[in-house]
Every structure is written in C-alpha cells, then in structure tokens.
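When the chains are written out, they are named A, B, C and D in that same order, and each has its own residue count from 1.
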Amino acid sequence: MLEDLKKTTWKLNLELPKNNLITMTSGNVSARDPQTNLVVIKPSGIAYEDLQPEDMIVVNMEGEIIEGTYKPSVDTKTHLYVYRNRPDVHGVVHTHSPYATSFAVIGREIPPVTTVVCDIFGGPVPVGPYARIGGNEIGKAIVEHIGDSTAILLQNHGVFTIGKTAKEAVKAAVVVEDVAKIIHLAQQKGDPIVIPAEEVQREHEFYQTAYGQ
Amino acid sequence: MLEDLKKTTWKLNLELPKNNLITMTSGNVSARDPQTNLVVIKPSGIAYEDLQPEDMIVVNMEGEIIEGTYKPSVDTKTHLYVYRNRPDVHGVVHTHSPYATSFAVIGREIPPVTTVVCDIFGGPVPVGPYARIGGNEIGKAIVEHIGDSTAILLQNHGVFTIGKTAKEAVKAAVVVEDVAKIIHLAQQKGDPIVIPAEEVQREHEFYQTAYGQ
Amino acid sequence: MLEDLKKTTWKLNLELPKNNLITMTSGNVSARDPQTNLVVIKPSGIAYEDLQPEDMIVVNMEGEIIEGTYKPSVDTKTHLYVYRNRPDVHGVVHTHSPYATSFAVIGREIPPVTTVVCDIFGGPVPVGPYARIGGNEIGKAIVEHIGDSTAILLQNHGVFTIGKTAKEAVKAAVVVEDVAKIIHLAQQKGDPIVIPAEEVQREHEFYQTAYGQ
Amino acid sequence: MLEDLKKTTWKLNLELPKNNLITMTSGNVSARDPQTNLVVIKPSGIAYEDLQPEDMIVVNMEGEIIEGTYKPSVDTKTHLYVYRNRPDVHGVVHTHSPYATSFAVIGREIPPVTTVVCDIFGGPVPVGPYARIGGNEIGKAIVEHIGDSTAILLQNHGVFTIGKTAKEAVKAAVVVEDVAKIIHLAQQKGDPIVIPAEEVQREHEFYQTAYGQ
C-alpha cells in the first residue's frame, strides 16, 4: 500500500546523509498521506545505504503498524503528535545536524540575520525546551513553540522541521543547518547586523510568492 | 539558440554544488553572449541534479524571456542590471557560500591578507549595503561598491561575483569562499599580518600576467 | 582462517575514511573472535583504498602473528591489552578524528549535554592521561579511565572506542566525533545547558532498550 | 621520457583535490628523478580533472623545459631552488590548505601538541617570512626556515612540504592540514597541553622506525 509515498519518503530519507545532516542511522523523515491520514516513516536503526522503499513502515495516527516488517523509528510518537495537532503538516523531519544542534545545546534561537532565514522561516528559528523521548513530550514541545516557523531547535537535543509536504520539511532541514553555520561563523567574528522585523516579513513574502516554478 | 553558451552555463552552474558553495536549489550562474547581448541564466528553484542544458533560460537585457519553458532565477534582474552597467562583464554568479556570507552578516570586508586574495581580487573583497531582492536595488549595490574587485559581499545576504567570462566569475566565487574560510580561521586565533598595499598590487599584477596557459 | 571476521573487519576499517575520521593510513579497527580469542587487525601503513580482506592480520592474545604477510598496526599492543583486560569487549577502534582529538589536546572531557551523548555513552566521554605508544601504557590508560563509557580521549593523542562487537566500536567512533563537533560549536557560543545526571541515565536506558531492531 | 615518474607525479597531484587541500587549479606536486636530476611538475592553471600524465612538464635544474607543451607551474622556481639546496629532497608540494594557511596568516607556528605532529614532523611546523613569488625568494625562505621539519608555513601565503619522495611530501601536506585543524580547534577552547621536548623526540623516533611495512 501507499507504494508511491513509500518510495518518495524513502528517497527523501536519503537526502539526510546526502546533505550531511546525519551520521550512521540517526535522523528520520516521515510523510502523511492526505487521503488516508496514514504515515510512512523510516524503520529504527537501519543503515541508510541498506534502506529500501519496501522497508518503510506505515502507521496510523495512533501509532499502530499497518504495514512493515521492521520496528518504526523511536521518534514515531513525536511525528504522530505533530500530525494530530497540525492538520496543515504532511511532512516531518528530525536530525541532529551539528551547527543547528549547537544552538540547541545552549538554548539559543537562530536569528533572522540573513535573507535566507527570512525567505524560508519568516523570522527566528525558535528553540523549545528539553523534552523526553518516548512519549508525547517532544511532540508537545514542537507544537507549542514552533509558531509560524517550519523549523525548531529542541534544547540539548536537535532539530525538527515540518512542511506542507515531506519535501518541504527536508528543504527546511537542509536550510536550517546551512544558516546555522553561517550565523555561527558570523557570531564568532562580531555582532550580526539586525534586519528590521518588517523587512524580514517583506522578504519572506517576496520569496514565498516569487521563488520556484 | 545559443546552444553552446547554454551548455557552458549549465556546466558552470553545476560547479556551485560541486564546490560546496550552495545548498538545495540556491545560487545561480549567468553568462552574456558578446554577439547578441542575450543572457543565459538558471531557472528558479530547479534541483541542480535535475538541471539539463535545455532548461537554461535565455533573456534579453530588459528581462524578456526569449527562450525557455521555465521561469528564470528570481535574481535575474540583478544579473541584468550588472550587465547593463558593466559592459566588460560577461558572467555573474550568486551564492550564499557560508564563510563569505558570514562576513556579510556582520558587514565586514575580507582583507587582502593572503597572497590568493591579492592574486584574484587585487585588494579587499568589499561589502555592499543591504538591498532588497526583486528590483534593481541589489544590482545597484553591486555596481556601486564592487570597484575593481571581481567579488562583493552584500550585507545580510551573500556573495556576487563577476568576470569577463562566466568561468572567471565561477572561479572568483570558489576562491572568495576559500579565502573567507582561511581568514575567518586566522581571525579566530589572532590578528592577520597586513600585506602592504603596494605589495598587494605587485602580487596581483604578477599573478594576472604569469598564471595559467 | 577467520575469513568472515577478516571480511567484516576489513569492511569496518573502510568506515573510518568513509566517515571522515582519518587521513591517509592512520586509524585502525580490530575485532576479537569469541570462539578462538584470536584478533583480526589492520596492517600498518597500508592505504585504505588498497586494503583487501586477505591483507588483514590475525594475531593471538600475546601479539604473535598467526596469519598474514604484513606487519600489524603499531597500535596492536594497545588493542590486545584492552581485550585481555575487558573480556566483554570484542571490537576496538582508534582514530585521531579532529573535533574529538581537539578535546584531547586540552585534556578536557566531552560533557553529556546532548541527548546523543547520553544515548550512546551514558555520561561524559572521559579523557585519559598521555601515554607512550609501543608498549602497554596506552592500553592501561584506556582500561583504567574508560569506565562505563565506550569511548575515551587520550591526552595529546586521539580517540579509542570499544564495543561488544567491532561494529559497535565503529559506531561509537563515528558518534564521538559528531558530538565533539556539536559541543565544540556550542562552547564557542556560550555555556552548554547541563542535563541532570538522572536524566542522562534515563535517556541512556531508553535508547539502549528501545533503539534499533 | 620519465614516463613512470610523470604518471606517479600526476597521480600524486590528484591527491591534493582528493584530500581537500586545494580549490580549482591551485596547488602543485613535483618530483625529482634521482638518476637524471630532472624534475616533473604540474602545468600552470590546468584543472585537476582534465590533467593527464602526458600533460606533466619536465624541467631541468635551471628551469629549462625539457619536455611538455604547457607552461609549468608559476611555483617552478621555488621547487627548483629547494631541490638545488636540499639534495636529500625528491618531492615538493605546495598548497593553501585552509587550516594550515590560517596559521600562516597570523605568522604562528603549529606546536607539537599531538602525537601525530611528533610522529611526522618531529617538532613544531615552522613559519617562514613573507616572500615574493616569481623568483628565488620563496625557495630561500623555505630552505632557511624549514630545519628538520618536512613542512613549513609561509607567512600570508600557504604551505610547502618536502620529502625523500614526492609521496612522502604529499603525506606531509595532508597531515599538516589535519593537525592544523585539530590544534586550531583545541586553541579555540583552551591551552593545548605541552608535550615535553624529549617526549616529542622519542615519539618521533618510534614512529619513524616502527610505522609502516
């Protein structure tokens, strides 16, 4: 079932190592099917280079396995909590990408001091509190603190991104690491020049309407 | 039309991901044909790995699409402004390469403290003001502030490079990131030793006449 | 003899360059066969790209070469000391991976300030004293200072990791570099937020039981 | 002529991009033939991916081109000066690798604070003065300041390494960048712990006699 979405989601998972966002088996991408509300997610602890489309797990919104021979990602409850509470979201990504996570380790948001942050996130990338894995705590922290952004840092942990599609969520995961690197490097040398809030907004709107095909 | 220039410009666009200057679909290279004054530029938001020579867009100096099925880069107006005001320029490149952009975030130029900066840029890589995307503002900022350099940082934004050919502009984009990294690392440890201005100039002239075939 | 273990250990050695943990011929992975107590280890100074499964050396617990035409790694005595004193360990890895080694150069442990450190190491990654290569000193330093961790930094030297299998030890080597990078970057920007010791432990236990297949 | 040495030297030049020591066409490796005293060197400004063994230039000790259709590297006089004044040297490498060059920009040597520095260089990697390209000045600076090391930083410029063979010089170029990175990262966090001079020497002698086949 959901063969197309399994293939798409598998391919998007492979974007994580390709973009140097993860090491070994960490990180995961899921996608929610708009028709059935079923979620396709990566199995736990399988090497990306061994991963095949048919290894992807299908779960329902309560986390029951509908299809798949492997155990799903340990972050599955987090993904599902986000989907249940954000009907607009159809893709979720989790990484510990190093520059972005380094902001999370000190509990600091990523400020909108480059045009790309404005373009993609429309404001600062927020940082949520420390939350325990395994239950609904991480999902709650994301939903309560992500606001209008498509990326959030979780304190002492890593990055979650969301999107109207899984592809958009992956793009947000790539971009948040890229801007985290740029802003880290800038902060090492001096104080980033602030972009006024109304300009952040104007730039965001321009990009969201003018960019792409 | 312009099949050769489309192929060359397509190949030069691929140099951006190959040299780790961009993430996802960001960045673009354009080239101006010396005979027709037409400009070949990358389409907006297309993945580099999917890009084909026939996807490149041909526009005239007023930005009208002469050939191509896609929308051109959102930075097209910027490229055209540079071409209209710098008849010597036949290639323009835009990236948000991280080390160079980190200087732009704090509004600081890259000083000529390694021989490579002298060789390629003949002086500091200047930093221009913040300018809005979508109109002529970024083009104006480039033309007014780039001086004799072939690279400029735009505050809170990224990097633009120019060249007598698109190939030269791509080389400048690669080199500006490389020297930005070296000088960033140096500034983290201490004060770069200054190269006297006349030696910067002498080194530049040596390189420009002696290097290459 | 031990053809399967030679092939596995060869493949795991190739994970070191693949994960950017080593340069040139440095680094090594060994594995101990649980049946025979024989150890398979990389030959000294052979380029990874030239290495073949049949080049791997088999030594006994006293360091006598049982099979192999090459000289074994100069770190062989260290690996054997660990195996003799830690019957639970069947894999040892050595690297000078840059971020982790940079902590070793200043004699500082890697604190458990991201969930991944908790997950994999269950506490700080300790740092042992400077010890001379060639005898038992490095092995002793590892065994005395590694405690319950699976990774240790040796002052002014590099990283050793251990595992119930060589695969686990390689995973620890990859992860210790990854978290060293994140925490280095965090410490450049501010003070990492401390995760309380009991939460470090809880997170570790969750991961060790829930993760993977 | 010298077909074997041309092939070897060509292959060693390709190690520079492979190990991320150079960008675009920068950097070069040369080798001196012990029989004829002729030197094989890279042509100037040719892309590494286009370079073929037959493109390598053969020059004599006075810099006259003995074979080759291209112009040799602009650094040829530097290589030849080193060969003329160091009969023990049969390989020279030049790069602007970023971490090592960042030490050169502030005129600071790389201290022997990891065992790898001791192993390969037997002491600090020295830094020589600023010297002009094009004549004998850079060669002189190298010969006068490199001492017993196989690598030297030249102020505001980059790295030169030497070896009994070109392969050894390439290894020194890879290692000097690797240790420069580690020590840069360490110095950002604190003061590297000093290894006593006699231990630096002991470690160096152990490695030089025990390592490899």
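Here, contacts are C-beta pairs under 8 Å (C-beta built on N, C-alpha and C of every residue); 3 or more make two chains touch, one makes a residue touch a chain.
Note that the structure is predicted; figures quoted are calculated from it, not measured.
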Chain of greatest Cα-centre distance to chain C | B
What's the call on chain A versus chain C, same or different interface residues, using the half cut on shared numbers?
-> different
Measure off the straight-line distance from the CA centroid of chain B to the CA centroid of chain D, and report it in whole Å.
-> 31
Could you put a whole-Å number on the gap between the CA centroids of chain B and chain C?
-> 43
Would you mind listing the residues of chain D that make contact with two or more other chains?
-> 184, 188
Those chain pairs that satisfy the touch definition = A-B, A-C, B-D, C-D
Sites on chain B touched by chain D in the complex | 19, 113-116, 171, 174-175, 178, 181-186, 188-193, 195, 199, 202-203, 206-207, 210-213
Chain C contacts chain D in the complex at 23-26, 43-46, 70-71, 74, 96, 98-99, 101-108, 130, 132-134, 155-158, 184, 187-188
